[in-house]
Amino acid sequence: MSTDIWVWIAALLTLGIFSFLYKDNPFYRFCEHLFVGITNGYAITFYWHRILVPSLINPVSRGEKLYLLIFAFIGALYFTRFIPRLSWLVRIPIAFVLGYGAGAAIPRTIEASIIEQTKATILQRSNFLNLFDGISSIIIFFGVIATIIYFFFSTERKGILKHLSYSGIIFIMLGFGASFGYTVMARISLLIGRLTFLLRDWLGIIK
Amino acid sequence: MVSRRIIYLILTLVILIPLLRPFKLKPLPMKPVEKLFYYINNIPKDKALLISVDYTPDTEAELHPMTIALLKHAFHKKIKVGVLTLTLLGLGLAEDALQVVLKEFNEKAKTREDSIIYGRDYVFLGWQTPPLVPLLGMGESITKVFPVDYYGNKTDTLPLLKEIKNYRDVGIVVSISGSAIPMWYVTYAQTTFGVKVGAGFTAVSAADYYPYLNSGQLTGLLAGMRGGAEYEELLEEHFGKTKRRKATEAMSAQTTAHIAIIILIIIGNIIYFYRKKK
Amino acid sequence: MFLFLLFTFIIEPPKNVKAIDNPNDDGNKILITWELSPSDSILDGYEILRRSEKEECFYKIGFVGPNRNSFLDENTEDNLNYYYQIVAVKDTIKVLSEISQPAKSYPQWFNKGKLIILLTFFLFGFLILYFIKRARKIELFIRRIAGLSAVEEAVGRATEMGKPVLFVPGLSGMSDVATIAALNILSEVAKKIAQYDVKLIVPNNDPIVYTVAREIVKEAYTSIGKPDAFNPDSVFYLTDSQFAYAAGVDGIMVRERPATNFFCGYFYAESLILAETGAQTGAIQIAATDSITQLPFFIVACDYTLIGEELYAASAYLSKEPILLGSLKGQDYGKFLIIIILTFLSIISLLFNFVIK
Amino acid sequence: MKVRFPLILCLIMGIIGMVAYYVPHKAVQNFDNELRNTALRIIFAFSLVLGVGSIIRHHWEKIKRKREFWEYSYVTLISLFLTAFIGLFGGIDGRGLIKMEIGKFSFDIQTIYVNMAIPLGATMFSLLAYFMASAAYRAFRARNLEAILLLVAAFIVMLASVPPVARLIPKLPYISEWILDVPNTAAKRGMLFGITLGVLSTSLKILLGIERGWLGGK
């Protein structure tokens, strides 16, 4: 059994969360509230030591990059949220982050999710080097189109669209089922990880 | 309500028992794993394998065995290895994996040629943030991004890094992560520098990245514990038995849990059809 | 000695050494290419030598293995002439190529490789803007999606039971389309709730989304003429940590026992923690997400699930905002265009063996 | 002013974000790097103020009004302040102003994070194993064709990852892989196209000031 007090704390917190499976209880409620408190406290620390100190305070206190003070001022406008008359100023820092994010996202999503995926879907002669790969490529091609059609909202599903969108949902359901089955494995791994921690690090029963 | 708790209890038991008494399994290596294995197996002498330990302790159970298996593979084949991490918490894990594998190899080694030597056979570059700095910077110069390594050595004094200067000298980067970090390598390092990228994912996120395997953006992919176990199996086929196979051992508990869930689904459906008939 | 002589005979230098400014970059790079030496198979590799117009002699700047015919010199001064020479190397024997024509590196103002992305952007951007403009004039038709009526029913159920409604707006930020669509749905849900004096609970994971969600709910109450009924404490920030958030929301579900749970927006692995706990408390659950990974779990654990784009469609349908309807229509035409492009390029590629890289 | 100024700012920032992708020139790249890695991170760091403000208010209200389970609000508030104090003054690597240790017992922020936040998070995450089992038992019923497809695909993939079964039916892992590789890829790619167009149109609408939800109220 471990003699490290921190291992004991970790083990007790682990059990506290597991106790939720039986039912909600004071032990879980304590862990839950503690978790929320610690993660927020950690976030404050992290933002301070890993962002504000190295990126702002260090250079500015050396007299370098004084323009960063402008950005600090813009960031500080978040505080206006608590002053009703000035609370609209909070839109300025949001505009900075949101605008840049939206702008940077556009070309990158086009490249990664449209251009690259289009290239991968197009049927080419190299897909047909053997029969099996050839058939699979055709199925993917058809499945992509059927799935896209499933999400057409402009017209009612009638005629050929009805059949195509129905085959779309077949692909979607097969895909979701496979993902679910696949994920089971992963989640069990996590549980194995936690149980191993309890058995090995805390109780010392297994190696 | 009661049946839910019974399910939880059954699941706990079917995992606990094999953890206490593991049994041996022989997994069948799958294509994405084989692809990665053989790609690494054929890395030319003048190129390196870069392992990016991008997971945190919460996904250690699933991903740590992958790092260990990759390191073993590289050391068996005498492929130069660079280890780095993009997550701070990955540092301790990377160091742990290195120590485990080094011990195993250097215990057996008789000559200096046989042993695995720091700076000659492998380097541990450490951690750098924000991630874009190493992701893009290594395309230009690894030593510029990591002026000192994890142990505090000046990297430009390390013989390995005199030959392995940037992505051009890297056969493949394998990023192992519980999140989307391997895709950062694809989006930034690959689109910009054309470096090959392999990935180790937790089983869950892996399903998401099959399209990228298909489109060739990922060279190979290890998914979850099973991916690790399959890689261990391939290692054993090529290089003989090793002492511990961590992923394979953990697989026994996973297998029983899987069987339990499959049986639960069958029971659920039997009850469903029985009631429907009534 | 004999071998040495033999090799000097056999080894031929690489030919046709060319140096050009490396295209589409920020300068300081020259790309050197050459034809492999006919004796490539026995070589150790090629050394790359360089001389700038300011220097007297050639210096070694790099080395590549055999069977490589290019090298990127990433260390040049812009707008300075450089000359290159490639050396075939075998042990101590070195055979020099001819000197290349001079080349200068310089930064480019546009990456031509990205032109197609810019064009795609203009094409789809135009489509979307065009339909938004049209939607402002005439009402565009959008098919009603299954599961939409469930939203109304679910709110109704909560009012009948007099229990709260929980709305989880996802775990991503304000620039995410899923979050924006979720907040549009929240606005409609809040309006309905305001009419019946049911308690609404909106826990948040992102500070900015929290601020916006709060304003949206407040406005919904105002628009229905009950600004005083708005409880500022009903919309709150929990934590930015994924699982601490899940733990907190789980706690809310088992303690407040909401009659209806909405999970709208972008989700990660916590999806099933939320949905399964909610199912155990007996709530009616409606999920709407474009997070492809998490959809299987919502489908299994929730009563109604809006899949992918249906989330955007739902927000457009519920709010009847021309902007949303128009952009949905534009997206539809965009998808249509993608189908045409896929088919067209496949046919061309198969017929003419045209390789698309 | 209250509306137009933020919208214009948003557009300008968006154009900057986009331009850096197309222009490799150093002048632009350096500017973009500094903006992304320093300036925006500073602004972003301040946004936490909104969140922490809300938490403190939410729990303070609970304690003041003595709402159900109000005692636990103390746990959140105290742990928040304590963790922040330890982190801010102890330094992120334990080398801050105040040494966070009593004798041999150290409690710097990393130790707290690794031994408290991580186990709590990992355990919360691992609850998913249980929830998957109960969800599978409860909801995987062969009700209609769609449900059958979902069920069958999940079943095959799960069975295939059981090594003894895979040795018994060597084709099974390949069928499982095929489902993941082919129909799964097709469905996800198909959905991805639509979603990407959604992302595209939303980003565009945000930049052009058509989508103003983020302004939060008029």
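Residue numbering begins at 1 within each chain, and the chains themselves are lettered A, B, C and D in the order written.
Here is the rule we go by: a residue touches a chain if its C-beta (ideal position, glycine included) is under 8 Å from a C-beta of that chain, and two chains touch if they have at least 3 such contacts.
Predicted, not measured: the structure shown is a model, and the values here were computed from it.
When chain centres are taken as C-alpha averages, the shortest distance to the whole-protein C-alpha average belongs to A. At the far end from chain D, in terms of centres built from Cα atoms, lies B.
Across all inter-chain contacts, the pair with the most C-beta pairs is A-D. For the pair chain B and chain D, the distance between mean C-alpha positions equals 22 Å.
In this assembly, the C-alpha centroid of chain A lies 20 Å from the C-alpha centroid of chain B.
Distance between chain A and chain D, defined via averaged C-alpha coordinates, is recorded as 4 Å. Multi-chain contact residues of chain C, defined as those touching 2 or more other chains: 114, 117-118, 121, 124, 174-175, 208, 211, 238-241, 243-244, 247, 255, 269, 280, 292-293, 296-297, 299-300, 307-309, 335, 338.
Within chain B, the positions touching two or more other chains are listed as 4, 8, 11, 58, 204-205, 207-208, 211, 214, 226, 254, 257-258, 261. In chain D, the residues that touch at least two other chains are 21-22, 36-37, 41, 47-52, 55, 69, 117-118, 120-122, 124-125, 127-130, 132, 134, 136, 138, 140, 150-151, 154-155, 158, 161, 180-181, 184-185, 188-189, 191-195, 199-200, 202-204, 206, 214, 216.
The touch graph of these protein chains is complete, with an edge between every pair of chains. Residues 36-37, 41, 114, 118, 121-122, 125, 129-130, 132-134, 136-138, 140-142, 151, 154-155, 158-159, 161-164, 166-167, 170, 173-174, 177, 180-181, 184-185, 188-189, 192 of chain D are the ones that touch chain B when the two sit in their complex.
Residue ranges of chain B in contact with chain A, taken from their complex: 5, 8, 11-12, 15-16, 19-20, 58-62, 129, 187, 191, 202-208, 211, 214-217, 223-226, 250, 253-254, 257-258, 261.
Those residues of chain B that touch chain D in the complex are listed here as 3-4, 7-8, 11, 25-28, 30-32, 56-58, 89, 130, 132-133, 207-208, 210-211, 213-214, 226, 251, 254-255, 257-262, 264-265, 267-269, 272-273.
Per the touch definition, chain C reaches chain A in the complex via residues 114, 116-118, 120-121, 124, 140-143, 145, 173-175, 208, 211, 238-241, 243-244, 247-248, 250-251, 254-255, 293, 295-297, 299-300, 307-310, 313, 328-329, 332-333, 335-336, 338-339, 341-343, 345-346, 349-350, 353-357. Residues 5-7, 9-11, 13-14, 17-18, 20-21, 29-52, 55-56, 65, 68, 71-72, 74-79, 81-82, 88, 90-110, 113-114, 117, 120-121, 136, 139-148, 150-151, 168-185, 187-188, 190-191, 193-194, 197 of chain A are the ones touching chain D in the complex.
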